[in-house]
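Pasting the structures here.
Note that chain A is present in both complexes that follow, paired respectively with chain B and with chain C.
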Partner chain A sequence: MKQTQGNNGNKKFGMVINLDLCTGCGSCMVACMAENNVPFKEDETDKLDSITWMRVYKLKNGKSWPNADICYLPRPCMHCGGHGDHGHSPCVSVCPAVATDYSMATGIVSQIYTRCFGCRYCMAACPYHVRYFNWWDPVWPEGMERFLNPDVSVRMRGVVEKCSFCFHRYQLAMNKAFLEGRRVLEEDEYQSACTQACPAGAITFGDLNNPEHAVHQLVQPDPKHAGRPRNPKAFRLLERLETNPKVYYVSSRKWVRQSGDNYLKKEKQKI
Partner chain B sequence: MSASEEQNSPEAEAPDEEEMDVETSEPIEPLKPEEGKNGAGATIFLFFILGFAASLIVGWVVFPKLLYSKKIQPINFNHALHVAEAAEGCESCHYFREDGSFSGVPTISHCIECHENVNGEDPEEKKFVREYVEAGKEVPWLIYAKQPASVFFSHAAHVITAKMECVACHGPIGESTETRIYEENRLTGYSRDIWGKNISGIKQHSWERMKMDDCADCHMQKATSEKESGVQQSLTRQLREMVSVAFPNVMEVKKGSSVQTEKDACFVCHK
Partner chain C sequence: MDSALIPQGVNRCPLWKFALGIAIVGAVLMWGVYAMMLVWIKGLNQTNMNDAYGFALWIWADLSVIALGGGAFFTGFLRYVIGINDLKNIINYAVIIGFICYSSAQLILGLDVGQPLRGWFIFWHANVHSMLTEVAFCLTAYFGVLCVEYVPLLLENRQLDRVPFFHNLSHNLHEIMAVFAATGAFLSFFHQGSLGGVSGVLFARPFGFREGVFVWPWTFFLYTWSAAACGPCFTILITKITEKVTKKKLVKDNVIQILAKIAGWMLATYMVAKIIDTIYWATVTAPSKGFDLMTFYSNNPLYGIWILILELVVCGIVPAAILITPKWRGNPRGLTLAMILAVIGVCLNRWVMILQVLAIPVLPFENWALYMPSWQEIATTILPVCYGIILIMISYRYLPVFPQEKELNPIAG
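Take a look at the complex of A and B:
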């Protein structure tokens, strides 16, 4: 079976984030932590130790008033398809434990906590810093363990975790589809928690292989160039690394698009 | 001068020691071997057999007894009686919810539909109605098939899409007239049904063990039997795989969605 550009009935779930709409409110971060049982500590002042599957970054254009501009950039796992979309994303190719894996059927980079032994190669390999290490066992405030999501397993000390595109929601949606005798999901049946939580509607989620899905229409991925967006206002983070991420950003502001990668002056003109 | 003297002296002493050894050991050696070697060999062999037998007994009999605590279900439930009375067989109590999830062990609200009052003469039913129905308390059933939190199992995919019988994984539990003793692993807290009763790991029926390998066993068989049939399937599959490894261009074996293992991706059954 040739698995060149995804299709053959395979899905390629991806996300489009409109940075012009994002207000930086952080609802996506909160929704993500609640949905995925992400542990937190009493003292979260050391941000290097904080686990945030979805993290909102603040970008500045570096100019003084009246030209100063700010952009908030939510960053989930990019679920890289790797060079040529063969599924050899940076983290998957270095994992010695087969604890992280790329699924050709969904395009999702999985993290199996019970297989991970915490070598953190994947954290070193990931150019987007989406992976986090559990330095401690999670401790929930008293009574909170009763409000954990039963569909997501809680991680122990010593393993790496990251955004899963709320894969458990896909599993549950497929459950319902099986019960109804279907094998295909509707677009709205599988949506990530951050997508649904965003009050500005900045996040769109769906199948990049399906031309009927909003994500496909928004960025028009080019299958000949590993899904590079044909929409001139869309871009991906660190495009030149050819990690082939499945998270696209849309912005009408040139400086925002230019800050997506360390472009040379010559290259910057084209963006 | 002093260095040469020091070097010479050990060389001079060494031959003396060798000579001494030869002289003293020579007269003793011919006496011992015939008596000593046979006697010692037999004792060593005897001790080996004794030790081997003891470790086998400890490992195969004593340790499992220590490892598993025996618990009795709160109510001695008669499956056969209920299946005979219930209109829809297993599904009368173990049904699918509308969202595709599986109800598993029924809650007290479901039992009340028939057992609001004591229906028969059975003392177990009286105990059930008094202690749980009248008190409005859930029965703390011990669940033989309970899987770890990191496992996602879709009943809908197996029962509805693949049309499998309940017996395939749960055994003829519907024919039982009383509840079995629940053996709980003292270290992990899981039921012995998951690990399997047979210490040598041989299983005669598909329902005797419910570890990940057992899922894989069945799925591997299914993957081959879709195209081939009969006893030859595993052999032909092995041959095909060997050929495909040796000559990758000649024959292609259908691969799973996982990039790491080329089987089904981990996120199918993990969460």
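Take a look at the complex of A and C:
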């Protein structure tokens, strides 16, 4: 958190999810789990201790037929920039051992598994419930160890984990670029697993600071307001808390956009 | 058999009775130890905590015992720094209770982390922005102070006191105790406060979040204040329970009354501050995030507005009123009632500021999350209570904890 602030050529990787396109198929969840060696339990009925770096919520507009409508909302880690986008994410500022950190170079909130001692303060701080605790040691079905992703370390019991925006892919892409004498990645060189897995093309990933990237064009982030979207159909979850997430949602449906935040009754009436 | 260890001029129960008491409490303690071993060996899957409830019964117990143990720092501050001499008759017991509370808190913290062997990371890789870092440093340092404050009392044991070195060490420690008391008060201000900051800084959790001054949310000051108010109440309550169990008067009424009066005024002023804080939070802070007060107290089977009324009125204003009114405070039943209510009040405050914070959904499409602790969590929370009872039993039997005991209970003949 002591890095220099401001753009300075820094990247700000982010995601835009078009909720009008999302069918709730869950491909993003499956791809995420496979890519990141996310452990699972034999019995996954209790979702309160299941690990889902990417989780798809089902939202309803609360109306009856024929006006009933639903929306599926995929929710990865928001990689919050915190107040004023200074890197003081809700989780980063509370971790007592700097086991989670905010990178000004990429805008990614990291999780250092070997540093985390499992106090779970970050989980208490995160309003999006993107942080998961390893209540058990991971147990893989026989033979599955051979199919784990060698680029992602598996986590042991007693530490917190979360979506990393597939940071290992960024490292691999940067390694390749360095070997080829480049310092800048092309947009398609670093894409998260969920983005590539989405059959509907609902997820777009890229550098929010780069006007040439699709994510920037889709939401038109306002740098004067910590990246708040200028596209009227785009929104971020819990905008009023000033967590400044880097995951944006787009929907043409008003009720979906309103579902992203809390409003007082009188405010709702005005809306 | 152990009469040579018992202070002179006081009566103690027969050894068999004492041993039986230790055995009964010890059996419950062993149940807790068994649960503790299960947690350490098998991990936190032995609890009913989950990803919605990363903090639960243990953190509540931690915050509560630290608040209740606040009697040690505040009584020490009053006795040694302010110079209220009468409190020398209860300071020993306040220190023992504080020692028990703080050692219990350390034990619970050792249980409550996923990787206990990495516990030292909090010191080695300290994040200066984290309230937990401040808690860890100040709590550990203050526990050291409590040990130093406990040592002179230990050395006053009849047999230890016969050793000239121990006698002189004890005497000299007494002489410089004001330094430790002042250090303890300073450290306590910060760790009690930073415990308050634990939920107060959570700007993405509107139930817990509070504005404040510089880096400190208002809860920082409220926690210190409430610990200074309710800690002495707990000290008096435990003293009264000890008197009941031993069937002896151990501390003169004037001493109790002085401490109760000060605690009462601390509680009364705390309540004024707490009510102002609650009103500002309910009318300004939370609405600015899109929450009105009743969203925090509805649509769930447990957390109704009753909990706020119970905390602020029944367990706040009522005990404060009793304690600042000489007539009510002078009534033994009134005093006991006030002590019990104040203790419940501070524990309730710690409960809502940890568990209710997590129970309330922040995302509009999520629901309340409720939680019931597992038997392992309950057993390990009872464990420190048993440990405390045993340490009090041993200390009372073998150490001159109450300076007025001889005078109040002269041995016939």
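Some notes on this structure:
In this text, the second predicted complex is superposed on the first by the 258 of 271 C-alpha atoms of A that agree within 3 Å, B and C clash if a C-alpha of one lies under 4 Å from a C-alpha of the other, contacts with A are read in each partner's own complex, and residues count from 1 in each chain.
Everything that follows uses one rule, which is that contacts are C-beta pairs under 8 Å (C-beta built on N, C-alpha and C of every residue); 3 or more make two chains touch, one makes a residue touch a chain.
Computed from a prediction, not measured in an experiment: that's the story for all the values here.
In the superposition on chain A, A:94 contacts chain C only, with no contact to chain B. In the superposition on chain A, A:168 makes contact with chain B only, while chain C stays out of contact range.
In the superposed model, A:267 lies in contact with chain C only, and not with chain B.
In the superposition on chain A, A:177 contacts chain B only, with no contact to chain C. Of the two partner chains placed around the shared chain by superposition, chain C is the only one that A:116 touches, whereas chain B remains out of contact. Counting the residues of chain A touched by each of chain B and chain C gives the higher count for C. Shared-chain residue A:154: touches chain B; no touch with chain C. In the superposition on chain A, contact is made by A:104 with chain B only, not with chain C.
Where the contact sets of chain A with chain B and with chain C meet, they give residues 1, 88, 95, 98, 115. By the touch criterion stated above, chain A contacts chain C in their complex at residues 1, 46, 48-50, 57, 59, 73, 83, 88, 90, 93-99, 115-121, 123-129, 131-137, 156-160, 237-238, 240-243, 259-265, 267.
By the touch criterion given at the top, residues 1, 10, 86-88, 92, 95, 98, 101-106, 108, 110, 112-115, 151-154, 164, 167-168, 171-172, 174-181, 183 of chain A touch chain B in their complex.
Every residue of chain B that touches chain A in the complex is listed here, in rising order: 96, 98-101, 148-150, 152, 154-157, 160-161, 252, 254-255, 257-261, 265-268, 270-271. Interface residues of chain C facing chain A in the complex, by the touch rule stated above, are 43-45, 50-55, 112-116, 118-119, 121-122, 124-127, 129-133, 136, 198-199, 201-206, 287-292, 295, 357-358, 362-366, 369.
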